[in-house]
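Letters A, B, C, D and E name the chains as they come in the text, with residue numbers starting at 1 for each one.
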Amino acid sequence: MNPAAELLVDDPIWLILIKVVVIFAIPIVITILMIWAERRIIGRMQQRPGPNRAGPFGILQSLADALKLAFKEDIRPSMADKWVYFLAPILAAIPALLAMAVIPLGGEVTIFGERTVLQVAEVPAGVLVVLACASIGVYGILLAGWSSGSPYPLLGALRSAAQVISYEIAMGLAIVSVVFYAGSLSTSQIVEAQMQQGWFALLLAPAFLIYLVSMIGETNRAPFDLPEAESELVGGFHTEYSSLKFAMFFLAEYVNMVTVSALATTMFLGGWAAPWPLSQIGDGVLNTGWWPLLWFALKLGACLFLFIWVRAALPRFRYDQFMHLGWKVLVPAALGFFVVVAVIRVLRESEGVSPTHIMIVLAVLLVIVVAISFLFPDRAAPQDEGPPVSGSGYPLPPLDLKVPDVPVRRSVSATSEQKPAGIAGGTRRGATRSVGKADDSASSAPASSPKEGGDGTV
Amino acid sequence: MLTSVSVLAQSESVESYSIDWWAISPLLVVFLAAFVSVLLEAFLPRSRRWAAQVGLSIGTLLIAAFAMILYINEDLRVGLGLSEEVPVDPAFADATHQVAPVTTFNGALAVDDPTLFLWGTLLALALPSFLMIADRSVEPGGAFVAQAALRPGSTQDRAQTTVPGMQTEVFPLALFALGGMMAFLASNDLLTMFVALEVLSLPLYLMCGLARRRRLISQEAAVKYFLLGAFASAFFLYGIALLYGFAGSVQLSAIAQATAGTDRSETLLFAGLGLLVVGLLFKASVGPFHSWTPDVYQGAPTPVTAFMAACTKVAAFGAILRVFSVAFEASSWEWEGVLWAVAIASMVIGAVLGLTQTDIKRMVAYSSVAHAGFLLVGAIALTDDGLAGTMFYLLAYGFTTVAVFGVITLVRDSDGEATHLSKWAGLAKRSPLVAAVFSFLLLALAGIPLTSGFMGKLAVFSAAVADGMAPLVVVALIASAVAAFFYVRVIVLMYFSEPAADGPTVSVPGAFTTAAITLGVVVTLLLGVLPTLALDWAGIGGFIS
Amino acid sequence: MTPTYYLLLSALLFTIGAVGVLVRRNAIVVFMCVELMLNAVNLTLVTFARINGTLDGQIMAFFVMVVAAAEVVVGLAIIMSIFKTRRSASVDDANLLKY
Amino acid sequence: MLESYLPLVLLFALAALFALFSVTAAPYIGPRRYNRAKLDAYECGIEPSPQPVVGGGRVPVKFYLTGMLFILFDVEVVFLYPYAVAHEALGVFGLFAVGTFLIAVTIAFVYEWRLGGLDWD
Amino acid sequence: MSGPMVLLALLILPLVGALVVAFLRRNERTAKLTALAFSLVELVLAVLAWTAFDPSGPRLQLTSSVDWIPAFGVHFSLGVDGIALVMIALIAVLVPIVIGASWEDRLPEGRTAAGYFSLLLVMQSLMVGVFAATDVLLFYVFFEAVLVPMYFIIGRFGGPRRQYAAVKFFLYSLLGGLIMLASVIGVYVVSTEELGQGTFDWETLAATISDAPLSTQIWLFLGFFIAFAIKAPLVPLHTWLPDAGAEAPVGAGVLLVGVLDKIGTFGFLRYCLPLFPLASQELAPLILVLAVAGVLYGSLLAVGQSDMKRFVAYTSVAHFGFIALGIFAFSTQAQSGAVLYMVNHGISTGMLFLVVGMVIARGGSRLIQDYGGLAKLTPVLAGLFLVAGLSSLALPGTNSFVSEFLVLIGSFPREPVFTVLAAIGMILAALYVLWVYQRVMQGPLRGDALTGLAGGPGAAIDPNSESLLTKLKSKVPDLSAREIGVLAPLVVLIVVLGFYPAPVLEVITPSVEATMTEVGLSDPVTGAESTVGPATGGPEATGQEGD
């Protein structure tokens, strides 16, 4: 039982309640800020002001959007499955909000004369709690798509589910090596370990990189935002959702971003501990009291900024490229890295005992196997003999869609023909995302129902 | 979980594991080969897989057998310079044991004389089965589908009945199943037994669905087998859980000690035992738990059926024998009665329902249910003779049944094997040899003297009578008389009745199937005339606890 | 809260699963019932581990999870293959094999 | 031991209340001007495809495949965590065991890869 | 040639012959000749064995034994006592005759005589094994194995309803055999308990089991008894015999009735009595009831039969009644009579079967009413028919008379009632034999079979018209040289044994007395010599037979 846990168990109930409420509020607030920040930053990056009307710097913009969203028409398609359709958003939101509880926001402090740590719950398997919440969230997505009774949401749901779980593997494997070094699954212990051994981001750089990538994939963010790939799938799994139900998904998505960022902070960036030069000041005075909250906030902010930055910088992946990245690069890399870490570490601990060579052979063997698998072309064995196998038998949308280049002379009319679809696509993107993904134009569009999205013009 | 695992780490002296590599070398060889063959699947071009896989599988069996011989015969091992001289354990220096029985992997696996015998049996039985699986002469391209992914009935599917290729994944699957069987009957604690059970079952589920002809039936068999099998293994598992609650451990020996003591909850013991046994009996397709057997035997590709019928029975009964005689001997008088009933039920069901069958594979399936009953008779006689008899019976029955299915693959008409009995009318005219072989095998199943079947029955029943189960034996004998009727019926069909106009043709088997059938027949005859060798080996020693 | 309740609960779950297997007709549902049974067993194992103060039960739960996973994979594959051919996963429709 | 989960329970309750409230509230605070077009499944304006997706809808096999892969690898990870935590105690033998385990998994992975199980056509 | 070798040779030779013949299926004639040759060599061997056997010697002679299955204490041990010897001799005599008799059988289409004869030879070897085995399990093995060739013979070469008959025969015998297996195992287990190390050796068992408690003995006894009662058809377990006998080809029928069924009665003498003396005395009355019932029932049904082959089958049911009576009357005379009866019945009924077969071969029908006045056409056949018939009704001067007389004399003192009842059977025998003879051979020419051959409708024929006779004479030839040659030895035996049975008796009696001593009973009539002179090999044989 580690010190944090000891402190936490004798928390009085009122303190626990306060903490709970706070930790519940934090992600939501961050979300609201995040949306605004995102739109501003991207706006800047795209040479445009971004929202700047509501409040100073338009800081109230997303609040306004949220309120507006609450008063939109709530629609349940006739083909939808009543209860599941109703349940899905809840199922998506709850775990997202739950995950933050195990993240240590700071060290030991005194609140109203009560010694405690800035952490809501210290459980032995904290990391697993976060991962568990992440995977439970998938149910929300999947059920939402399934229950909508409409092809696009279903396909979108499948995609996002597939992508979440695929990247969860890589994420898990990346975390394993952290756990291996920290020797514990409890978040606070991991922070402690980093205070001794230094940031795992540096110590386990590959794992950190893998985590960052999979973190973005896990939260369905650009460049991995395929489930909501407007041009292919309209709005993805929540196409049919509107009003507060939609808001729930939206919230869940952003809260998840916050959560994974917080996890990244905790596991790789030293958690609430002060960064290196500062940590030396006054033999770690900056690691005491309420200071850690600041460091934590900064690191979290950095991670969130990364999200925005990446989104602005990178184009969206194609689905096959995306899966390829997840399964054929991240997973093997994470696995191999873990093996290397394990072998080296154990070798170091057990001073060159006899079975050493066994392990070396073993590791080499593994590496070889992986290497071989890389050497070979990534295509399936050629189907030379035997009848041709058709694919899954399901009409997948063509993934390498080439827009036929229109003849020069009739180009005007051609574009005019294509325009409505384009507009429909574009504005419909605005419609569901009117709470403000990139384009401001849509933010004013009535974001009520998908059907209206079509005629919600600029 | 964190705490638990670390505590585990400190509590058990993990470093003190000593693994007797020689003892488990056959097992390792098989599993290793299974992995290798998966890699072959991955890296070889389709055209070269078949040859490589066949070579690997057969080679594996031989190597594993050789490894076992090396383990048994220490002098040879030393002679080959593979291991240094080890002092013989005086306790087992006498001639009765070939090698000192050991438990390894921290008591997870027990390699004792029954284990060795049954391992030998499994390897020996796997050889003809693999040969049949590999055969491509009887059915062009082998009995297995070229592309399991294709939807039955689709044009591509209809096209693929003619293409030469086959789904070579069968070989790794078969190897895994074999390894699972070997681990199953060697496992000395229930957890290992459970894992081994799944390792042997899952590949079989898949193999059932890979038939080239009649794919719907085949897939259906796979589904049924899978659902029922999973159901049964759930029971098995719950039984383990309860026994764990009863004894506080899943080591068979620990359970035995617990049963010896009286201070514990009988309810847990018997509930657990019951559920456990249900799972085991299901795998052995005994008595009322046989419901999957006929469907699966009929639907699965015949080579796979042969493999299942022979090897799965060996594994399952090996486990049953071990569990009963190691863990529950102390409480035997409490459950023996129930098993009497089960055995009787099994024999009666098998014999009576067998009479009504019109499909030869179903018929053999029911006969296997009846035989399971006979085996159970020997298994509940917890004596050395019972053990030896049952193991001998397993060996004899295995070879006979493999050969039977081998012959069944030969009799074909336009759409695959002609398994309907009416098609077999007057087969003796078409090909006297096949008919003669088949009737010999049937007589062996019926237990006519000078066949292995008779010797097996004799061994099992004499043990049973000696253990005071005379009434059961009488029932068994009557059951086998009834069962004899449907064997005789087939002989009558083949010999005495006129062939149908559009009867099946008897395709000339290639080297593999021929070898398999010949092996089966020869062993059946040999064990019938000179059973001594096998009997002595089977009788060497009992389980270690 | 004595562990007995956990045992009762798991027994209940197991029974539900067993009954489900026997009465439900959809292969997938049957299959899920089996999974339910396995997980009920997990609960039992962990409870007994707590009662006996040994860890084997928890370790066993791990193994059961693995096995369950493997079973899911194999089972889904098989059920899908038959579902692909005959549009329904009902066990009753699987009636080519009769006595 | 268990009481350290108490805050989690509380938080769960709070979150549940919040979500439940907003989802139930949504229909009542918003306007309700339904028409058939709104209640149809949205398919970019074309008529909804006749076969209902709910229930009998068929999905590409690839997704099943991914799901199965996920299960397998998740289990693998589940095994790695305890080892990672306890590796000091388990020492060389532990490494050896885990190595064997990983090799097995890797072989399966390679097989999957080579047979195109990871390719999205 | 040393004794044991002779037995082994007797066992192996026919198998070799069978193989050779089977491979000769290409050309019939050589196949047949080879088969005949082998059977004759067998006969020679049998004679050798006979000469090698010393009646005053120990009970089991020509013994040889090798370990077979040490795990169960099973030995491959051969040996004969007098009873077994005469049975083997009987086989050796009958087989060549049968082969000769079925030389020109009309087999079902697609079947070759080579197959038929090789199966016959296999059966011969197995039957020798049955009689020569002195290890209970070995005996059982032969006992069961002999079913297989007979099953195939009936099923492949038999009459119209052969399938039914074959299956019925096989299942009856198999069921009996399996019940017996239970007892065999039981015996083994009992011996294990008594001696510590279980054995199947007959002599050891005879010494061991006979002191087992009565209840045990009864159970084990029943196991054996049922099997034997099925084999030697005792009422009510006889129903398979008429079918099998009727459907089997003539030659096989002869072996079936003449030898195969004797295995049952032989089993009574060799196994039931010595192994379970108490039980057999306990149950003797019951068995006697069955025996006498068999005599009367068999005779009555024989009277009523319209099918000649079934008729023969039923007569032998009656005869087996006599044999059983003799065996379970527990007196030396009766049992020697019974054994002798086994031989004689083999000869006379065998001959009857052959003759009937020849009649059928001519008329093409098995029904009695299809014939009539055959004597006019085929006097020789008629004569031989008469000889066979008289012998089987035990006319004084024929072989059967001696045996039947011995049985009745021997069993009267102990079982007067049953004996008298059985004696009624003799009268019935006279009735059925002569009546059949009269119907078939005597009187005017009639019957569809003949008139059918003549071509005209049955009624329209004037019985005494010379034209018909001449027409039929060409169609229905009298016995050919081959047939006469086949029947001659049997006639000789009938007459010789009728007047001078001593050589056989002196071989038999010691064994029988040994059996009696094992049962632990003494003859009610003191002095075996009162009836039959030559039977005085006894006392010293008994003296040596200390068990």
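The rule is simple: a contact is a pair of C-beta atoms (placed from the backbone, for glycine too) under 8 Å apart; a residue touches a chain by one contact, two chains touch by 3 or more.
Just so you know, these numbers come straight off a predicted model, no measurement behind them.
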| item | value |
| --- | --- |
| Set of chains adjacent to subunit B and to subunit C | D |
| Count of contact steps on the shortest path from subunit C to subunit E | 2 |
| Identity of the chain that, by mean CA position, is farthest from subunit A | E |
| Contact pairs, highest-scoring chain pair | A-D |
| Central chain (distance from its CA mean to the mean of all protein CA atoms) | B |
| Gap in Å, rounded to a whole number, between the CA centres of subunit B and subunit A | 50 |
| Rounded Å distance between subunit A and subunit C, as computed from the means of their C-alpha atoms | 32 |
| Between subunit E and subunit B, distance of the C-alpha-averaged centres to the nearest whole Å | 46 |
| Computed distance of Cα centres, subunit E from subunit A, in Å | 95 |
| Per-residue overlap in subunit C, given as positions that touch at least 2 other chains | 70, 77, 84 |
| Sites on subunit E at which at least two other chains make contact | none |
| In subunit D, residues with contacts to at least two other chains | 61, 67, 74, 81-82, 85, 88, 91-94, 103, 107, 110, 113-115 |
| Parts of subunit C lying in touch with subunit D, wherever the complex brings them together | 62, 65-66, 69-70, 72-73, 76-77, 80 |
| Subunit D residues within the subunit A interface of the complex | 3-8, 10-12, 14-16, 18-20, 22-23, 25-27, 29-34, 36-45, 48-49, 52-54, 57-63, 66-67, 69-70, 73-74, 77, 80-81, 84-85, 87-88, 91-96, 98-100, 102-103, 106-107, 109-110, 113-116, 118-121 |
| Complex contact set, residues of subunit B against subunit C | 1, 4-5, 7-8, 11, 148-149, 151-153, 191, 194-195, 198, 202, 205-206, 209, 215-217, 219-224, 226-227, 230-231, 234, 237-238, 240-242, 244-245, 248-250, 294-295, 298-299, 353, 356, 362 |
| Of subunit B, residues touching subunit E in the complex | 388, 429, 443, 446-450, 454-455, 457-459, 461-462, 465-466, 470, 473-474, 477-478, 480-481, 484-485, 488-489, 492, 495-497, 531-532, 535-536, 539 |
| Subunit A to subunit D touching residues, read off their complex | 5, 8-9, 16-17, 19-21, 23-24, 70-81, 86, 89-90, 93-94, 97-98, 101-102, 120-124, 128-129, 146-152, 154-155, 158, 161-162, 165-166, 168-169, 172-173, 176-177, 179-180, 183-185, 234, 239-240, 243-245, 247-248, 319-320, 323-324, 327-328, 331-332, 335, 338-339, 342-343, 345-346, 349-350, 353, 355-356, 358-359, 362-363, 365-366, 369-370, 372-373, 376, 378-381, 391-394, 396, 399, 424, 449-451, 454 |
